[in-house]
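Letters A, B and C mark the chains as written, and numbering starts fresh at 1 in each.
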């Protein structure tokens, strides 16, 4: 007789599966990253190549590009699973859906969020971000982009059953991301002006903790509704 | 208590009860609106700084204050939909979203007109205006999700989840935007209400207008909910009888 | 043992079924029949707990499913219209995940099951290179691996060839003989000893 799995094992299996799928579909990794680079490139072209002005807006540009890249990549999160029936299997697993959703969210962030965070110093250099703001930018993106993935997951879970949903997803998710955007860009600007970074990191850390606790619950409820 | 609660969930019961209340609400609303508007336009003394522009306050403040009530209302209705599966709660939530968008838009427009005079510009990235604008976007999100989902039941639950998440978010947005705003603009522009509302000749008509607009909101919500009830219960016996007798 | 009592389901203002009651005991196979659009799939999804737009009671060994979801899901194997096979992954990888949601399985068990269903040599090919029937077989391999007592299968015969049909019928027979229960929708005529038929028309 075979043994039942623990929730931890099911969590690991789901995480490993999603990472494997992303590895096999290289587009999932490359596309959000390229999108991030391209959007960030459009700002100097659209606004001004003047290093002084670019340095002032660099943090905002990077954050907005990261936000849009996260949104763009969101669609992959549940769609293929919805279409091929894997999502039903996930919902019928004897483990709490919270952990399964969390595993998928973590995998999504590792694939689409982390590369953006890692590439951010390079783009920051190209946008002439003041040298003393690099650390703040990197740390806030590191703490903030997982929140974007977790929040975006709710929007995707709500709309996964819809045929065409491009704009709805943006209308639902983008306003929700505003607090993260504010905390992230403020941290970079204010530490450049000499304020301590720890307070901002604490706020972003708190946002991350709250969204890790609550967002997967909302995503799980939304998935149950969408699959109905 | 519980019996009353579940009775409230019956669309038929709500339809009949609201039918009895409606004339009284409309009468009170009209009376207060007439008194409030006349008072505000003709008898309130011009502000020593803003002159006659201050009169916009009597429209803007009531609309702005009630706009903040929509997400909490929709979140409560959404919770009831999810937990007790009460159809009436979803009908209220469904009609509240577009109403909320209209009220928020009116608050934004009236604020913008007011601002054009006292700030010299139609739009500034003031904390209140910005968070109001974001709330408007969130409401549009709820409305478009509702219209995109064909199945009534699925739409009800999906919008309930989104309203609850949105309600939490509206508060977080409000605080973060205020914080963002104070750091960007250390000297806040002229306070919109509050500062000027010192004497009773200023605030009494304001209170009247606020109550009148709340009543207007209640009447609009009840009317559109009644409409929704008739539409969804069109196959039920009591609606058929109602239509036959009308 | 699965019992349903007074099920009622309405979709888009159309009543799919009402006063529907049945009992599926150990060792029994229940075939759900009905014309297109009669609510077969909806019924199966309701019984799995995927769809909650119904009235009535569903019990698993006398207890409501909502009160023992974890227990019920651990003894349920559902294969729907969409079989739950990811096209990018190989059959082996698909089953590793699909089975690991319920129990620990070794690769050798999975490979043996795949071989038995005629997928020997395809274990490492990505599923989009397989035919619909082969993908169906990948999903059906879970029947060999998973010890779940209740099988709920939605049109499992549609894409199978005649060998596959015979093999699946055999699997259903064995499962029933060993005390398991099967709920299946199909237009195919099943030749099983313990077969009951539930018509939705």
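Simple rule for what comes next: contacts are C-beta pairs under 8 Å (C-beta built on N, C-alpha and C of every residue); 3 or more make two chains touch, one makes a residue touch a chain.
Owing to the predicted nature of the structure, the values given are computational and were not obtained by experimental measurement.
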Innermost chain, where centres are averages of C-alpha coordinates: A
Identity of the chain that, by mean CA position, is farthest from subunit A: C
Chain pair showing more contacts of the two, A-C and A-B: A-C
Separation of mean Cα positions, subunit C and subunit B [Å, integer]: 49
Whole-Å gap between the CA centroids of subunit A and subunit C: 36
Chain centre separation (subunit A, subunit B; CA means) in Å: 33
In subunit A, residues with contacts to at least two other chains: 228
Touching two or more other chains - residue numbers and ranges from subunit C: 53
Per-residue multi-chain contacts in subunit B, two or more chains: 151, 153
Residues of subunit C touching subunit A in the complex: 48-53, 69-71, 73-74, 76, 78, 80-89, 93, 96-98, 100-105, 109, 126, 147
Residues of subunit A that touch subunit B when the two form their complex: 154, 158-159, 161-162, 165, 167-168, 171-172, 174-176, 178-179, 182-183, 186, 190, 214, 218, 221-222, 225-226, 228
Residues of subunit A that touch subunit C when the two form their complex: 1-5, 9-10, 13-14, 16-17, 20-21, 24-25, 80-81, 83-86, 88-95, 227-228
Residue numbers on subunit B that touch subunit A, as the complex places them: 82, 134, 137-138, 140-141, 144-145, 148-149, 151, 153-154, 157-158, 161-162, 164-166, 168-169, 172-173, 175-177, 179-180, 183
